[in-house]
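After the structure tokens below, expect a handful of questions from me.
Chain IDs A, B, C, D, E and F follow the sequence of writing; residue 1 opens each chain.
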Amino acid sequence: MTDLVTFGETMLRLSPPQGERLETTDELDLRIGGAESNVAAAVSRLGFESAWFSKLPDSPLGRRVTVELQSHGVETPVAWTDDARMGTYYIEHGGAPRATNVIYDRADAAITTVSADELPLDRVRDAEMFYTSGITPALSEAAAEATSTLLEAANDAGATTVFDLNYRSKLWNHEEAAAGYRALFDAVDVLVAAERDTREVLGREGSPEDLVRGLVDEYDFETVILTRGEEGALALRDGETYEQPVYEAETVDAVGTGDAFVGGFLAARLDGEGVATGLEYAAATAALKRTIDGDIAVVTREEVEAVVGEDDAGISR
Amino acid sequence: MTDLVTFGETMLRLSPPQGERLETTDELDLRIGGAESNVAAAVSRLGFESAWFSKLPDSPLGRRVTVELQSHGVETPVAWTDDARMGTYYIEHGGAPRATNVIYDRADAAITTVSADELPLDRVRDAEMFYTSGITPALSEAAAEATSTLLEAANDAGATTVFDLNYRSKLWNHEEAAAGYRALFDAVDVLVAAERDTREVLGREGSPEDLVRGLVDEYDFETVILTRGEEGALALRDGETYEQPVYEAETVDAVGTGDAFVGGFLAARLDGEGVATGLEYAAATAALKRTIDGDIAVVTREEVEAVVGEDDAGISR
Amino acid sequence: MTDLVTFGETMLRLSPPQGERLETTDELDLRIGGAESNVAAAVSRLGFESAWFSKLPDSPLGRRVTVELQSHGVETPVAWTDDARMGTYYIEHGGAPRATNVIYDRADAAITTVSADELPLDRVRDAEMFYTSGITPALSEAAAEATSTLLEAANDAGATTVFDLNYRSKLWNHEEAAAGYRALFDAVDVLVAAERDTREVLGREGSPEDLVRGLVDEYDFETVILTRGEEGALALRDGETYEQPVYEAETVDAVGTGDAFVGGFLAARLDGEGVATGLEYAAATAALKRTIDGDIAVVTREEVEAVVGEDDAGISR
Amino acid sequence: MTDLVTFGETMLRLSPPQGERLETTDELDLRIGGAESNVAAAVSRLGFESAWFSKLPDSPLGRRVTVELQSHGVETPVAWTDDARMGTYYIEHGGAPRATNVIYDRADAAITTVSADELPLDRVRDAEMFYTSGITPALSEAAAEATSTLLEAANDAGATTVFDLNYRSKLWNHEEAAAGYRALFDAVDVLVAAERDTREVLGREGSPEDLVRGLVDEYDFETVILTRGEEGALALRDGETYEQPVYEAETVDAVGTGDAFVGGFLAARLDGEGVATGLEYAAATAALKRTIDGDIAVVTREEVEAVVGEDDAGISR
Amino acid sequence: MTDLVTFGETMLRLSPPQGERLETTDELDLRIGGAESNVAAAVSRLGFESAWFSKLPDSPLGRRVTVELQSHGVETPVAWTDDARMGTYYIEHGGAPRATNVIYDRADAAITTVSADELPLDRVRDAEMFYTSGITPALSEAAAEATSTLLEAANDAGATTVFDLNYRSKLWNHEEAAAGYRALFDAVDVLVAAERDTREVLGREGSPEDLVRGLVDEYDFETVILTRGEEGALALRDGETYEQPVYEAETVDAVGTGDAFVGGFLAARLDGEGVATGLEYAAATAALKRTIDGDIAVVTREEVEAVVGEDDAGISR
Amino acid sequence: MTDLVTFGETMLRLSPPQGERLETTDELDLRIGGAESNVAAAVSRLGFESAWFSKLPDSPLGRRVTVELQSHGVETPVAWTDDARMGTYYIEHGGAPRATNVIYDRADAAITTVSADELPLDRVRDAEMFYTSGITPALSEAAAEATSTLLEAANDAGATTVFDLNYRSKLWNHEEAAAGYRALFDAVDVLVAAERDTREVLGREGSPEDLVRGLVDEYDFETVILTRGEEGALALRDGETYEQPVYEAETVDAVGTGDAFVGGFLAARLDGEGVATGLEYAAATAALKRTIDGDIAVVTREEVEAVVGEDDAGISR
């Protein structure tokens, strides 16, 4: 039995060295990134069995993804195809007042043709937890249908289902996204939602507490976690709210912070921990991620627990 | 008046360090490459004014191309668009018995939507020479139509028109390519054709001399240059044939050798040289290119002439 | 008609990686840098036609400069010579309390033998704007004479002439510099002057406003811009003063900030903007430059305008 | 059921860039290497399920090994310890007349304290094949005992057992090695032996054919493969001999060639192929390995088959 | 006559690039580090003759150490052996909340078998100053005995003897260390002690001033310097105390800061300066070290003096 | 007593990575190089005490040279000056048919103002051997005078004096060089001369044997070594000739080969070996140098002896 199955797109991630620009660089760092594989990798590194479902081109570029995910212990029972390309994104790290610049080149990626039939559905039914994000149904109709099929299969089988809104304005607009999300909410137990997406896409108003209570009232989620950037996070479960501040971090690379947060939370939950501890693990994993280059939280459970326990970040000899 | 206008697609070119594999590398060298811009850059570097026509996404990735071409003195009056992606190719250099591996990711690149209307047609009419290759019409119907329009405009205006078959099996099959080529041949003065393409795509047979004579007989080209890999090249003009062996080279990167060959030939022709001298410049530029990383022949006229003059390749202090 | 012509020296710039020292490093980054080419590159990147005049050795080192400037769209109608060397400077980036260390090796550089006769004077007469800095006349008598000739030609032809004091204590002392500047001021419309140089070299006293009013009173400049480091800038035109604070920046490389400032200002002016907007563009371009490695402001107009409009510097997806 | 279980030591591998020396380099490439994990990785990459048994320090250095092996799909059910160090080796690539220099720093590595009890013996009993090499019993008495236990368990359970002499003079002398080997031979089905080790350590004489026949006669191996460097390989099974020449290769890194050879052979055997085909796969995998940096044959089955099928090593576009 | 002789272990130091992890990096920077050689290098760079005593394996790895120390002018009359390994340490730089991670791999290093007989004892007797730290006697009994022999020889010959506690919990516990230290204190003139080690290992209590006075009272040191991290340092000599704050620094690499502090202090003392000036040089050298990659303070006397004189850390052109 | 003193210029050496061009590279490797310091470094590395005399700017660039030479054990009692620059050379490695390109930028280097008074003449008088090359007197009149003074002082004191013609056409012409050489020959014991320089500059004719005999007859050298590139070397001493072929080498960097040859010869001579053995050491050191990046033969005596003894260049484990 797998602890966690995730489903989504993972792209190649290409970035110039710090201080250099895409226009003029002669060198790119190659990593991989995708919300669902980032979460699977974090959960695997924190001690659980995770698997990532997707569809990839049968080429060195597709294998680049499975090679890196396997290195973190993630199983990769993906569908392979000869007929589609590899999604790619370019990231040029900024620094005030220059914005970090992300260029997506993901149209017609292999996953846009995915069908639930191509994936080992049984493994979803056997999993303790299933996770996907709002990026996946936005990729194509086929991807939306597969998302729905997998989410419902997991839910029907009794797995805890987790969904992160992860609104991407370059994939769909507010109305499309809201409709897409709502079509899935019935099958979702745990919702992770950025405050801005909650307001702008789902159209909710009021205080952060209003937001989480409203979401639970309307959609009957078991748990809602509202992520609020520098303000930390606010969760609601069984009528009780939990606040979690962020741990301060010397940021090397902010991309993937949100996925590390989810990964930390899910790992704690798989361990049987409650919401409060889950949020601490989430925030600690997220802070550690910020100190590491790449999308993936290359951390250990000991490191996460050292942050939770508020140890000093000095040198230990 | 521009000496040479070329028209075609240029892609980003991503390659891992020598001895590393795409599956496992963490670093990619970023260059640009495209037959027509390679030729324009070589001709510019050898002392002539060249311009490259194309269509690019209005993004740092698109500008990466114009930045590099401008650095070699090539003018880049391209059409910019917000609605299309940047073509990309990955190259993993091999070494016997491991083949060099090229992965194209060029579908839906900006140039596939190009129209001659978007380009400064007047500059083609003013140019002394126009060059494109068989890759361009293979990219899309729109690109084929623009190729035809530009080639005919150049021909009508009295420019020398040069066409390199450059057959790419991943873009079209033999029949499609043959039809595509033939639709353009009327407007072509100088044909450059690989021996294999001449046989397999155009279906010609016999000795190399049979091939070039047959092409001239059938299509009435002013000049035909048959490129034969390690066997060198054979040209025909005004009934006379010219043979050119290759210059031996310590190869660092073989990609772009053929384009350097064409660039050297065209530069000599712009200088008023005949076919024999043109082929020497062609072979010398091609050999130098092989010693240099990247698609583009980053050479000087003095270096080309030193090879033509058969100077030693030692150290000069 | 060229929008801007600049004239001055550009050097190779060699720097070890951050945290390494010139004494012990095995690797140097190679860039180019020079006040006048930095300004030309910034103005070209912000959408105008610029050209840079200079004199270079006819060698790969000299071409290294034109290759990089051309990449940013700058025209480089320079005089080439076989008889002189390439100016070079080494920069070792510091960090408190270790000072950034700059070592100039510019004696006998090609430009020290430049004569206005070697340069396309007509292009200066056709230009809308002409820029040089106080470094150029300090390089040699010949360079001083050429500076004077070009500046007067531009002024006589009605171009806006812009001069940045850019005092360099390693090239001349206060008295020599003051005399050199004053010999040129008659032909200058817009003066850019660091507060310290204004006080120490030109010997002016009083408040910043006293300084700019004094300069205009004495030399009849159309516009004076006093740059005050962290204090921002103060300009005077038509009796009116304009203050501009700096935009905060996460500095990767501070070299070239002043030139980016001038480039931003000139681009706005070429656009027909007044002093207030010009200073905003100047400060925004300068702040962006600080986030980028190398002397040159590798920015776009959109990026500058986003800073002027005070958008957040986050990630846009 | 796992296709192949291997057991042995894997070390960190540190090497300066080509042309640089350990004495003066500031940078080392970090890879991992060990005969048994190299074989497991090759077999996994060629399409089979493999697992590698070992003992590692519970530290980032130990995890560096499992991370890289997992990336190639190898399972790593190793014993972890807090009380021992990570074996390391330094390799400085040479070039005639300078020898490649290997410095081992493997004393007291974690594996020297391994006991079969710490390892999942059941998985060996379930495996189709078991592989180890003569390095493992040479590491320590404990390692020798564990080797014997695992080899016999595999043999008793009916797995095909494969043993490569891999004599290392820095670990034991000829007499010790010969005794160590002979203690294991009873449980070995397939012996891989370098010609030199066969002569010098096992003391056999005569022609290569004499050697393989002698080994089979004395120890009753099912199959013997004699590896002869540039002379290729000679195998004997069921009284029949098989010769296999080497495929020529442009060598980037020769380390790991022998393990790639074994990996290719075992993969073919797992596929049900006979000795002749096995040797072809072996030689092809070995030749490909030589073109790749690092100990591990980062290849695909398609690539191996292309070499077996003698395709050209050109560029395929 | 040598100004300073030091004695101790120096290790290879391996570190991944900033933001990368040991588990996943493919590249390590190679430096060397050891308290006593760090001090010798700093003192040599600040203008004095220093020599470092140790024992090294006779291999490229051992020579890597002497090559780097000699580059800073340090003499290296070490004992060479064929029978021992090179101590190594790995450092993964952190950033809050991720701790910097140091992994020592120094067991059985060559120095653990050192004997005073193998070293040129005469040079210690001729030296003006002798320095070692509490790491050396902790390495092995042999090393402790050699430390004692050298320290007493220096003391007997009238050299100023300097000892830095440098407690390392991975080498011995509090009781062992306290006993080890006390066995040497009789021969020590100048003690450098971290506040924490003074309290935890030597068991002293009270205010910082209580600590230094207590140490002098009990052990009769000529001078005691208490280092207090961000709180600066407090020294006592001839009954008088001296306080020294830290100079703020933009830290690139904190390792070696304490050794740079000692090196600066000893250089000033060799110059005949008193405690107050010595502490200023110490703090300045330490601050500069923090801005430089690696263990060693690659600084000049001019740079140290510029910090002592509180010059700005801007750019000087 | 120093075994060998050398005197000459050492420059910074800047080179782009293999396959990249000076015009377009963003990165340069930094090494140092100079005939006399190359020889001193080789002799030091082969076990003797050597010192290098020169004059350097008192800057990080000057110290870069002494730092690297000291790392190889060479003493550097140089004259320092604030008033001159650092000589520099750029090297772009070629590959047939592209020549390796060397650009010298050495005019007005510090050594051009050297005077023998600034150097520790006593150390020359104490040395067993003195070496300089024909580059040094070509640098300036002052350098020529200092060369003469040092060479005569060494000769008068009974040292073996060694002179390598090392003709550089960019420094002087044939006539100037011949006159310069002849002014020094009286004080020279051992002459090293390239065959081409012997013919073209010294105007000698005939077979190689004619050349060496003619040189000895005319100038009364104790020993003459004629270096003949791929043809090896021919020496004459006491009327007897010695031939030495080259050892084949996989060349990474050919620069410095001749200096390594001289260094190997001198080391053998310091060991008391005769001409035949000296030439073997010379050829072996030269061949090893070719496999190593940079001017300096970073080799050990064991490595040289392994080549002399014709060991295989394989891997020793």
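Throughout what follows, a residue touches a chain if its C-beta (ideal position, glycine included) is under 8 Å from a C-beta of that chain, and two chains touch if they have at least 3 such contacts.
Being a predicted model, the structure only gives us computed values, none of them experimental.
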Ordered by label, the neighbours common to chain A and chain D are B, E
Touch-network distance, chain B to chain F, counted in steps: 1
Compare the CA centroid of chain C with every other chain's and tell me the farthest one. D
Comparing centres built from CA atoms, which chain ends up most distant from chain F? A
Write down the chain pair with more C-beta contact pairs when B-D is set against E-F. B-D
Rotation angle (°) superposing Cα atoms of chain B on chain C, nearest 5: 180
Measuring centre to centre with CA averages, how many angstrom lie between chain A and chain B? 44
Indicate the whole-number Å distance between the mean C-alpha point of chain A and the mean C-alpha point of chain F. 62
Compute the distance, rounded to whole Å, between the mean C-alpha positions of chain A and chain E. 46
Quick one: which residues in chain C touch 2 or more of the other chains? 21, 23-24, 26, 67, 71, 101
Set of all touching chain pairs, with the criterion as stated earlier: A-B, A-C, A-D, A-E, B-C, B-D, B-F, C-E, C-F, D-E, D-F, E-F
Can you check the complex and tell me which residues of chain C touch chain A? 71, 247-250, 252-253, 284, 287-288, 291-293, 298, 303, 306-307, 311-317
Per the touch rule, the chain C residues reaching chain E in their complex are 18-21, 23-24, 94-102, 104, 168-170, 254-255
Can you check the complex and tell me which residues of chain C touch chain F? 14, 21-31, 59-61, 63-64, 67, 85-86, 88, 90, 92, 101, 103, 105, 107-108
Footprint of chain C on chain B - complex, ascending: 67-68, 70-73
